[in-house]
Amino acid sequence: MQNAKLLPQYLVSRYTGWRATTFAENQAWYTRLAEDGQRPRAMVISCCDSRVHVTSIFGADTGEFFIHRNIANLVPPYTPDGKQHGTSAAVEYAVNALKVSHLIIMGHTKCGGVAGCHAMCSGQAPDLEEDSSFVGRWMDILRPGYDRVADLPAPEQVPALEREAVMISLENLMGFPFVREAVEAGRLTLHGLIHDIGDGTLFQLDGSNGKFQPV
Amino acid sequence: MQNAKLLPQYLVSRYTGWRATTFAENQAWYTRLAEDGQRPRAMVISCCDSRVHVTSIFGADTGEFFIHRNIANLVPPYTPDGKQHGTSAAVEYAVNALKVSHLIIMGHTKCGGVAGCHAMCSGQAPDLEEDSSFVGRWMDILRPGYDRVADLPAPEQVPALEREAVMISLENLMGFPFVREAVEAGRLTLHGLIHDIGDGTLFQLDGSNGKFQPV
Amino acid sequence: MQNAKLLPQYLVSRYTGWRATTFAENQAWYTRLAEDGQRPRAMVISCCDSRVHVTSIFGADTGEFFIHRNIANLVPPYTPDGKQHGTSAAVEYAVNALKVSHLIIMGHTKCGGVAGCHAMCSGQAPDLEEDSSFVGRWMDILRPGYDRVADLPAPEQVPALEREAVMISLENLMGFPFVREAVEAGRLTLHGLIHDIGDGTLFQLDGSNGKFQPV
Amino acid sequence: MQNAKLLPQYLVSRYTGWRATTFAENQAWYTRLAEDGQRPRAMVISCCDSRVHVTSIFGADTGEFFIHRNIANLVPPYTPDGKQHGTSAAVEYAVNALKVSHLIIMGHTKCGGVAGCHAMCSGQAPDLEEDSSFVGRWMDILRPGYDRVADLPAPEQVPALEREAVMISLENLMGFPFVREAVEAGRLTLHGLIHDIGDGTLFQLDGSNGKFQPV
């Protein structure tokens, strides 16, 4: 790969600093993790957004969370068609191979992907409707959510769609036979969160009433 | 979603601690990020593995890195077929919408996905060959790499395949027209890394000789 | 300007080395910064002293810190008299135009400016009392601090005055209406540091008890 | 100062990493610098802009450059009126106390301060004309430069004014008796540079013909 460039110096400096401190302080644990393998207790599905750091929010140690991050923290419907499904592969590995106990969908406010989906579904972003738009086709997963928010007052639609991104993902998860089986056997619990990136509030979905409430 | 459960208490406790400390220390910056949007300087594609924490290694502040995480840090070939491609959507959003300057593939040692691919390609994991195996089909992306390592001595094959996961992803990236265009215009540089999770070493791919060398 | 000389060769050599390496590694990001403008998250007010390198200490990338440096890292009182106030202009630009989230006063040990102020205020440097002494008049900003340390045992006075340089600057900052407003609105946080240039320790002012403590 | 907050954690992490690496590797030199004082060979006057890092460009070690940074790298006229002049104090300290051999004015492209001055002088920024505008009053130093560029074609005016910021500062420096004396005695040389922050080019002013030329 002749296009691969060396790292910028400030990242090298930060890495060598990390190795001399955080790594050195935790070396025994890192060695153990390398030798015995990971044993995370939860899988988190979060957005790629640079403003969402689930390991920071939950003070996660190395080895605690198996984390998949994609645009808008979405899980597509179960589709075992022999094609490449990165999110479904991550869920399968977490539940079947790692046997995580929790699966957390971590949504967030001000999500660019959700805003793009809203623009697309309301006819304001024809480019996203093209077959060649990877973002548009990915956000199709959230399209059923748009129908459920389209009658709300305009300013409430995008925040409601952010909640739909979490709820539809949880619904799609239950369509995976191995997820449903683990949930019904009490080996796995599902959780839905939304993080307000500006004021820091964390909302969680209460399955008993279908509402997001502050933690 | 009646299956959504409330968070376990230890996560609630950590979150409330985070909000009283890290969030409080950074509130002004988080407010700004929420209001003005993110402007990350790099996209990182990393593995879901719980033992790989790129933000820690690089001392990254909230807002610095746009991070996609999937099994084995893979980028599939460019396939604009109107289907759902989560990784391709993330790359498209990072390069075209966020205009990141660096795109870093962050591989790691002891990767369960790579080991699975090796088992599958060497005939030791027939389950992974099933159409219904999401992990198997996802790891097909790395199958061309297996052919390049199959003649190595046995103990060298899996580590070599971990390097292939980085190199094939970089090659596939260059197949995306918008990535190639940004690289050729000098607006984007690509980087390939492998993190040894046990001893902390960071290797980087030097495009001038095609070798991974310690940073 | 007929007095302008060409750079000495060793600086030319270093620059050409920088351009071939650091610049080349970061070219995409530098181009972006030039085209889209800076968006630093913090302003740092530091001393001109050649022994204080805040970007090194904090692993800062280009674009992270907006840095003003003057003798003894001082902020004068708010004086909107239509005259030239370079420090006040820098603060105004950082807070109002760039909307930085953090404003850090970075003091240091062995500060020549602080030592000069101490000599002047204790009657040992009459030259610095002259109207024509720019250094003396600049250090007048710190004069109120001398009164607060004059009763300490002699060896403690200069170090205490170094801390006063940070605290008086923070107090003066709060006298700028736009700073106060941003702080009170939660858009800006203030920080006071002292760097021991010899042993590398970094002290930070804890507003809750008014003491400098090691980080 | 009850408003002083503790540092955000990512800065603490980077600092501890720096101390364990860069500081530890250079401890002997840092101790010497602390005990024997600084002896910089050059003073640099640079902009506060987060995109201009003179220590990086010139690979400067701790102790090499005495650096003053203000908005638009300006030196005001010599005005010994007993008022606070931070830039003049820094120049006086560098030339008279530290006896630097070089004094470098480091301008740069895309300077927000210069652009503001151009807007003000061409009547497009009445706010900057207010007595209460610290930025406006500071940029008055460059006002004489505007008259020299006002007849150029529009797109050339701001770049020309960036060059004026360097030339006027050099002229003003020669108005300081102690600078003139040091220059005429051959103890000090003056240098004028402009750094193109996007493409990395460094231009230097050639006093023999008054032109800026690439290094």
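Chains here go by letter, A, B, C and D, matching the order in which they are written, and residues are numbered from 1 within each.
Note that a contact is a pair of C-beta atoms (placed from the backbone, for glycine too) under 8 Å apart; a residue touches a chain by one contact, two chains touch by 3 or more.
Just so it is clear, the structure is predicted and the values come from calculations on it, not from any experiment.
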item: If a chain touches chain B and chain D alike, it appears here; value: A, C
item: Type of chain B:chain C copy interface by residue overlap (half), same or different; value: same
item: Pair exhibiting more inter-chain C-beta contacts, C-D or A-D; value: C-D
item: For chain B paired with chain C, centre-to-centre distance based on mean C-alpha positions, whole Å; value: 39
item: Separation of chain C from chain D, taking each centre as the mean of its C-alpha atoms, in whole Å; value: 14
item: Intercentroid distance (Cα basis), chain D paired with chain A, Å; value: 46
item: For chain A, residues that touch 2 or more chains besides their own; value: 5-8, 13-14, 16-18, 22
item: In the complex, chain D residues that touch chain C; value: 1-8, 11-12, 14-19, 22-23, 27, 30-31, 33-35, 37-38, 40, 43, 48-51, 53, 55-59, 62-71, 74, 76, 80-94, 97, 102, 104, 109-110, 112-113, 131-135, 137-141, 167, 170-171, 174, 183, 189-193, 196-200, 202, 204-208, 210, 215
item: Chain A residues within the chain C interface of the complex; value: 5-10, 13-14, 17
item: Touching residues (chain side chain B, partner chain D) in the complex; value: 21-22, 25-26, 29, 56, 59-62
item: Of chain B, residues touching chain C in the complex; value: 25-29, 31-32, 36, 39, 41, 59, 61, 63, 99, 101-102, 186-189
item: Footprint of chain D on chain A - complex, ascending; value: 13-14, 16-18, 20-22, 24
